[in-house]
């Protein structure tokens, strides 16, 4: 099967990292295709950028040429999953939700450790809408921006592990979710330091997407994600 | 003061109707300026269209020339209010939330009557995120599309009033909220038929916006709506 | 229009302060009439006093001679709003709810800073019943009694600002609500010290009441606030 | 021990009925003393009457001469329990809460059947504040006023049993709570018709009060129910 | 009446302590019969042990010879109450729920102080399922194992009182619930040190059971606790 | 990898059906080993049977000879998953939770269609504890017992499809979850009749278990599922 893994920012290097993670966990026979939006922000850390990302991801997928079996939206806490589900027939998996549901199989409660404090509310909104909030013990910020996480992995591990340990100790979290695509590759180091399972969203989402395809399941089209009514769209970018 | 009232769809006639409603309730000295997005859908009735609207509204406001004191986003159940709050210094009022909070002053619980069944989940999500869901007794669909509501008011009143009465009788609603910009002007007729107060979002939002300005209050900038970090946005429309 | 603003305690100086705040924000053409209960407590800081206040306010309004368009109950966290809504035809606005809904337009979450710890549960109950609890990050006590707040504004500002800053830092509040009528006039000083918007209940409630009147809306009479059934009331105070 | 059982309305015959129920279940050695408020409504079916009842009950208890070990407030869904807890050192039991907690020992969920539709919100508020709402499957109105229930028991049983059966069938209730003091004595007939356990508030509350006394437990005085601060109360009835 | 009080572990000395507590509070005429499971763990502090306890208690009751009027399951936070309710016709009272409902009559919120941190989730699950979680301010662990609590009462009081005081100060608890059968007899010492009412589960449950019997109430058999369908059970222990 | 799939009842034919479903979806290289408890009920449709199943499953797994990588508990709504997680080092997946989380990827809300009305509360409890209740629109009973579902597939499809359609129409469900192991093999027929995606728990759980193993994730051992403390277990079956 072929899975599109779509970055939410316009930084190709981030897409490469995401694709690498996805391929590392993909089953034999699963082809991972990475997409980078044609427009948007170099990193997504706020409301405007997140709304841009929603459309950037949709645009990237709709302009992709060739068949695919599922789509993974690889941004933690971003908007847009519902739009993809409406526009597409294949399963759509957001890494925020995939990470959270995966974490719930591993412990009573999980904590998310993300980049900046300003992204915490975005993540909280996604988890609330997805009904995944009750087992979320805390959403903590490492204090490092997305691109800083990428550029200084050692410092990133320190900052994330400190919050992870605090979440286990003070928030009674039993599992840590890495709440940022830019944290890819830090899973092992954080787990070692935190002493609990650590879930990264992209690999989790790839396994969810593969599972849905294997189970022959796809998005329900009866109401929330029914195809859009035929109507005039004007201007950019989807007209 | 000057309030920008921004339509979420690209149909200028709808903007005209919204502006008319806004002006009818505005205080002396309040200037209402209507804006229509340069891109988007002719009516907003789904997830993709709603995400387009979020950016279309933001684009319209950011490209508006001249000062203003507050912004009203005139789409019921659409995305984008958070992005406006982040991008602007003046108060931002979404008509969904203004209608709901206004309704809570009038009765123990309210019901929303909207256009199509497919827009119900969008409204439910907005109310959940805003913490306004607990006093919402029901969200009911009239079965008429946004543009049908505009074009056949008599049929619209029939369809809305039927759902309003059902909400009062079966859902224990005590107030009705008209859940669609296209229902402007039907308030009186629905109230007469339903026997309970009927709240229309645009007038409600204008009074909320005026109140915030008079109280000297504006959006908190400490976390969720802090200004975006300086970064590279590429492509259109906000770069 | 004429708005009755009713103090919940029997201290006329507090009524004067409340009326002053109300007039400062009232629109041109709005007349503010202050009422002081004929019976009750000199300040309201507990359950018995709050129940007395509910009846004292009702008594004051029912004995008021002359027309009015709306009523503001100017006690933070007190009982009685529902009784007024049942007894009257005009809109009734409690300052607790007006402050909280106003705050929700300004930030993701708000904290209330009130007088004594013993009043926290009363406020929490009002917010829970009003469905306004989910966006309330915390209710904190300044440790000063209502009349101390009145008599020593500098000390009051210190105590309130300390709790406000703690709420922003530790509870993730983005807006502060002043949770006591006796805090009138401290808004500016607290805002300066806390760095976030500060909402005072009386001005907020006046604008809500004015808005409801302008919108032609009044309390739904179908169930919860239907007029009382004709029946024999004996003794004091409403017979 | 001696338990004060306080009616919430001013109808002495209702007090007599309540006292009769209480005595029927009281343990050997428990003395039941019935109190009727000196002021208030002949029956309590709304917000104003309920607030009057809160003070009427408090007044009746504070003016009671002689010792007692516990107080039962015998009104379903009325205000005032918190004020009694603040004012007194002995345990206070509201029949609404006693009935609900008793019901939770008997089945997964319970439904309340009350008098008029207009009293449903009052009951709902009490259960919400008490944290007893989640296992409440429904609150249904029989359509009979309090005094009608008293005067025509056969018709009352018919009306209550019809709602009880509907609650079991449609709301998945497994236990019925009689939600009105005036339903005293109908328990057996309703149980026979509904096929599930039926809980009456007054007997339930008497056993709870007796249990608290036997366990040597009384109200916590650290915060919510700490004694009132010394202050000037003016006017009647508690000054 | 005769009440079976069933220990959840296999340590007879613990049963003796529980029976002693039960008898100390039982009404004249109430006979307390203590039962110890034939199999299970010497103390219950985890998931496997708790599931064993559920069956051990059921086995002990079903093999008990002779009539009884109610059953008290004397384990804090253990599984099995639902199974007893299904299997028996008489009332069943779990001490976790009895302690929590008793505590709600005494203060706005309560905290549980239990043995080890690992038992906190078990207790939290019971309270959530029982709908008793909202008034639970915290569940705190003393750090002492069940049998340590038994063997060193002075140390136990120190550890429990420290957590109790922290719960009152930091979690706003107003009542303490002793969350372990092994804490029997420490109630007075903890109350003295914590300054708030302290509820012990076994005595509370005995009074609840007695009350249900006196009220003539028993478990609803319409759905959740309907008798098991006739079917083949094989193997051990209930076949 | 090798996955143990454990039936909750003692009927070997049901185990065979479950194993068949599991193998149909298992990835190449995944070995499915079916286990049938040595004791318990021939079908699980109530509280006692469910508690027996919890221990029967645990006993079966602990007595299994040879290595395995994950365990699937194949009973819908049964107790015991937490005990397995505590006792084992490998991932444990309950089919109730796997079906529910899978369903949340496919639509806004899902409904469970189960066997008998009496099993509805058991399922509701599992979903509540797992934090998966908010997106569950309804749990409906087909009215057929577990073994009837097995023995008359045509009648089963009729009964299930009727409830599925009702859930889509009346409860706004967008996805159907088959809430009984005995419904294996009916997925296609129900989907055709209901017009929405249909999720069966066993296949869903197998893919979740495979994913966890591939991701190298296993149960957190820091608190809730920490290994049992060394202690004396007496009697059977786990001593």
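A, B, C, D, E and F are the chain letters, set down in written order, and residue numbers restart from 1 in every chain.
The rule is simple: a residue touches a chain if its C-beta (ideal position, glycine included) is under 8 Å from a C-beta of that chain, and two chains touch if they have at least 3 such contacts.
If you're wondering where the values come from, they're calculated on a predicted model, not measured in any experiment.
Common neighbours of subunit D and subunit F, by the contact definition above: E. Set against the Cα centre of subunit A, the chain with the most distant centre is D. In summary, the pair subunit C and subunit D forms a contact in which both copies contribute largely the same residue numbers, shared numbers making up over half of all those used. Averaged C-alpha coordinates give centres for subunit A and subunit E that are 44 Å from one another.
Centroids built from CA atoms put subunit F at 52 Å from subunit C. With centres defined as mean CA coordinates, subunit E is found 27 Å away from subunit D. Counting partner chains per residue, subunit C shows two or more touched chains at residues 108, 120-121, 172, 223-225.
Taken pairwise by the contact criterion, the protein chains form one closed cycle in which every chain touches exactly two others.
The ring of touching chains, read from subunit C in the direction of subunit D, comes out as C, D, E, F, A, B. Taken in their complex, subunit D has these residues touching subunit C: 10, 37-43, 45-52, 54-56, 58, 79-80, 82-83, 85-87, 117-118, 120-121, 125, 128-129, 145, 223-226, 228-229, 231-239.
Within the complex formed with subunit D, the subunit E residues making contact are 25, 27-28, 91-93, 97, 101-102, 104-108, 130-135, 168, 172, 174-175, 195-197, 199, 203-204, 207-208, 210-212, 214-215, 217-220, 222-225.
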